[in-house]
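The two complexes that follow have subunit A in common; it is paired with subunit B in the first and with subunit C in the second.
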Partner chain A sequence: MKELLTPKKLIVKIATALALLAVVMVVCSLIGSQKTSYGIFVHVRLPRVILACIVGAALACAGVVFQSLLRNPLADPYILGISSGAGLGAIIAVISGVNWTLWGRSPIAVFAFAGALGTVWLVWFIGRLAGKSHVTGLLLAGVVVNAFFSAVIMFLTSIAKSDQVYSTIFWLMGNMTEEDFFVLWFGVGCVAAGMLALFYISPQLNALSFGEDDARSMGVNIAGTRIIAFAIAAAITAVAVSLSGLIGFVGLIIPHGVRLVFGPDHRQLLPLSGIVGAIFLVAADTLARIIVAPAQLPVGVVTAIVGGPFFLVLLVKYSRRIGWLGK
Partner chain B sequence: MNKWWWLFLFILFWTGAGFAIFGVKQNQDLGNTCLPIHAERIVSAAPNLTEILFALGLEEKIVGVTAHCNYPPAAAKKTKIGTFWQPDIEAVIAAKPDLVITVGFEQQKNLAERLNRLGYKTLTVNIEKISDLFEAIKKIGIATGREYDANIMVRSIKNRLDEMAALIGTKDKVSVLWVVQREPLRVAGRDTFINEIIELAGGENAMGPTVYKYPPIGAEQVIACKPDVIIQPTMGQENLAEQQEKALRYWRRFSGAPAVKDGRIYVINGDIVSRLGPRLPEAAETIAGCLRPKLFKN
Partner chain C sequence: MSIIEVNNLCFGYGDVEVLSNLTFEVEQGSFLTIVGPNGAGKSTLLNLLCKSLRARSGTIRIYASPIESYSSEALAGKVAVVRQESVPIFGFTVIETVMMARTLYYNQIGFESKNDRQIVNDALEATDTAQFALRPLAQLSGGERQRVFIARALAQDTDILLLDEPTSFLDLKYQVDIYDLLKTVQLEKDKTIVAVTHDINLAAQYCDKILLLGGSRAENSYLFGNTQDVFCEEQIEKAFGVNTFVGKVGQEKFFLPLGKFAKDSRKNSLNPDDTRRT
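Presenting the complex of A and B:
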């Protein structure tokens, strides 16, 4: 670490990032397959851009937390089975054909949310049963639960009707649409509150990423920090997933990218990752809207195709300067 | 712990403000009531709906169709609103419709719901069986002020089907294997409208009842079900002769099946038979022609 992080520097960085986000949001809502009219701008593009912000920020922040708690550079928000749990919930909602809405949310969103949280709880529970080496147990439990639920998803897909299969696949690939402002308001609230809470515990996260023993010697309540961080990261991921389906890659590369460029201090890593994640997903979703217009690409395709090479460039350029994971 | 209180207060405030600004949303019903309205700008979100609208003489009033809508030829010249599976809501709004018609598939229902939320009038019709088609034509007729034409259309379709049935009479059923996809092999099962059309055309599905609507089958079943005729609709508008050639080459490996032995493998225009629309009699006659070439010379 070359320089010390002062509150002033942090605020300047966050403000700059926020300004950039605002510019990207406005520019992206002016681009589209049709000429921009008031109705399209306000009712179609703006809600969609805001949705992309929420989801991008949530996934990137959750990615930061999972990477530091699991002390594994391959961790992303989906590593503990959230994706397959949510996917299973979604496909059950589609197949069972339930037809009601909860506060304006479709059954797919509600089931996906429940599936995501249920799966994380299950993985956490199994991981705890697995005993002392908590992190390894958790990771393995996550991987196995993921594989198991994916198999169940594939089974259900193979017996579903063709149009049901289609809509599930679109959902699994990430499905951005314009949402009610009511829903967006609560999405923003949930994710902002989650980010704030994670920011509160970022000093403890810093200590934890040095390893359990070091953290304990610094007087950090390890179990408490861990469970709070896990719960919040899982909750905001579940919100993101229930809003937009499974969008991969954001939660993996944005935290790494920000860490490579700005260093591993969670006090700035968390807010900056959130904002950069939002910018990235807004831009990616805009590309997904316009490349093959009037059809659309799944946004997950764009995040991977655009994000992959970009991330590799960052990796080569910066990782020589700083050690991996900043150590 | 002071900062956690701030967070708690923030959540409370945010939730309260949310309800204060937006109120508790009442879920509106889909605007599916069939009140006659004078729709002047109609968007069709499915090829068979476009065909119905054209057949009702509403060509002038259609302001948007999908990229798949290619019949009648004039439909292909209309403004596109995306594909059947991925309609583009921006394009629909840009077309300034006063009525958007969709079918009941998930993606389509989803489009209708989203448009509804923005205050557009929509009509969603389920067309999965032949009886659904007649219902749908009538509903669309009512919604567009063409009830009379819709009733005539339904009657003429039924008449043509009856005439064909009379011509076929009570001859033995021809067993048909309807191939949806060749590699891997997938065929039409009993619980499909394809099955209905086969039966109208005096055939019988070589497949018995199956769990899947369009079951994947193996070589064994192809031979075991002893189809007299194999029919394979094309995907899109590719060269029929070339496809026929390819199909013959593929099916040669099942030389045990009667259809292959007698060379009764037909590749037909998929657009006609895979859309449940006003061209249903044509579809049935095409298939009847495959089953009984002598009876239906043209």
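Presenting the complex of A and C:
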């Protein structure tokens, strides 16, 4: 049965992808308008590339988890209100005027992190109240909370007279500047640990793709798997958001792209999505940095403009072959 | 030996009582079908037997232990379930789908052993699905897909198979194919099979015991027994509330519902021998 995934095949694929990631990281660090000195390489470019890796990997993995747990191909890491929660947290930080720092992090990032996790917890809580059809309840709760918090953000933005509010909104739209190596390695640790834990439960996620009842009758601990997967996906998304704001599209198209090419088996879908997400965001961020140099584009613009057509090519090329999306 | 024992089982949704005081048992290696009108609680009963639902009162025992005492892992080692139409949203292949039945037995890093592969191969062979093992589930016909899900249930390597309307949406040939397959599995592998079905004729042909639910909804009555005892004109008409023609092919009875516009609705006016010509 050579057609089944084996540990050997998986290791080869992951190693290849990691090697590719390393090459992309180095190349992207060297690209730039001015000649790249050692100082710029180590203190400006490298941190930025590492940050893009963390965020890309986190968003892509979280996207995989949300799509399979919610059994919805439109799900992305922000679907359960993480984006609006983070935004609300950031705005509150600015308006309340706190100016302490936590491990060198600005209050904006800390509040965004707390807002993101708090919102996911709220949505989870409301979803549980909605009863047994947990998935639909969760999705609806996510949509409603997202809309409500977005309205609150607009309201606060309108009444606040601070210019800072606008800079916050700009920050939320995605930024890739982080020079503190401690924070970066902390982020790497969080995301890597999250990915490992997700890999550990990936056979259960496979079974859950067939729905709750089927998975249960195959002996999967539904409640445990679900809580662990949601908690990890929400946590790594919150880490990503508090490091770099909201970067759209990565968490939606990378999982689909990897799934189209390599199939839906989570044991390889999760690690490969993480690595491909990292490669994609490093490349996109480099483009955002050089296209209109010396100015910079928000990286979200590049992910959508480059990622969209690329994804459509994949979709057309592979979808017929593998009978995508069920029936 | 009774492998499943159900005693005074009651269940309801909200104020509506669906099953009340149901008592029956299933012998090891036998084939039981659960029949009855829509809403009689057939699928509900199946869900109770695999612990997807909890009974209000009464007991279900599997191998003489109450079903509540089984963890979902332990129960998955005893009972496999084939549900109606469970297609995942993403395109798993046939072999990946069948291999998922072994999830419980994967090693530490989440991969199957040689033994698991052998079991899956056997399941594919038994259900005649090995030929399209590499195709995505979504590309198969309804009958092929149903066989894949039966293969997955077999790969779980349990003594008990529960099936929820395994032949709905299938054409005549596939219906017979599926029941032939189930009967073969029952006889050759000594599996105990419990199937919910709407097709009383197939049930009569293949199974050993019948549970006819909801003879009259007010009383929540039920009938349990051998096929010949349960399936008679009076019981079928009472349960389903429809005029029924009963014919005979050899020793086997068959039932034909007669509607208002049936070509000849004078009940039993046909000589049973007439039907032999076909």
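Odds and ends about this structure:
In this section, the second predicted complex is superposed on the first by the 319 of 327 C-alpha atoms of A that agree within 3 Å, B and C clash if a C-alpha of one lies under 4 Å from a C-alpha of the other, contacts with A are read in each partner's own complex, and residues count from 1 in each chain.
We take it that a contact is a pair of C-beta atoms (placed from the backbone, for glycine too) under 8 Å apart; a residue touches a chain by one contact, two chains touch by 3 or more.
It should be emphasised that the depicted structure is a prediction, and the values quoted were computed from it without experimental measurement.
Once subunit A is used to superpose the two complexes, subunit B occupies space next to subunit C without a clash.
In the overlay built on the shared chain, the residue A:293 is in contact with subunit B alone; subunit C does not reach it.
In the superposition on chain A, contact is made by A:200 with both subunit B and subunit C. In the superposed model, A:118 lies in contact with neither subunit B nor subunit C.
Contacts of A:137 after superposition on the shared chain: neither subunit B nor subunit C is touched. Taking the Cα centre of subunit A as vertex, the centres of subunit B and subunit C in the superposed model span 150°, given to the nearest 10. By the document's definition of touching, of the two partners only subunit B reaches A:44; subunit C does not.
After superposing the two complexes on chain A, the shortest C-alpha to C-alpha distance between subunit B and subunit C comes to 7 Å. On subunit A, the surface touched by subunit B in one complex and the surface touched by subunit C in the other have residues 200 in common. In the complex of the two chains, the subunit A residues touching subunit B come out as 32-35, 37, 39-40, 43-45, 94, 101, 103-104, 159, 161-164, 166-167, 170, 177-178, 180-182, 185-186, 189, 192-193, 196-197, 200, 293-296. Here subunit A touches subunit C in the complex through residues 1, 3-7, 67-68, 71-73, 199-200, 202-204, 206-207, 209-211, 213-214, 216-222, 259, 263-265, 267, 322-327, going by the rule given at the top.
Within the complex formed with subunit A, the subunit B residues making contact are 3-4, 7, 10-11, 14-15, 17-18, 21-22, 24-25, 27, 67, 80-83, 85-86, 88-91, 93-94, 105-107, 110, 114, 117-118, 211-214.
Partner subunit A is touched in their complex by these residues of subunit C: 47, 50-52, 72-73, 75-77, 79-81, 83, 86-93, 95-97, 99-101, 103-104, 106, 109-112, 117, 120-121, 133-134, 136-139, 156.
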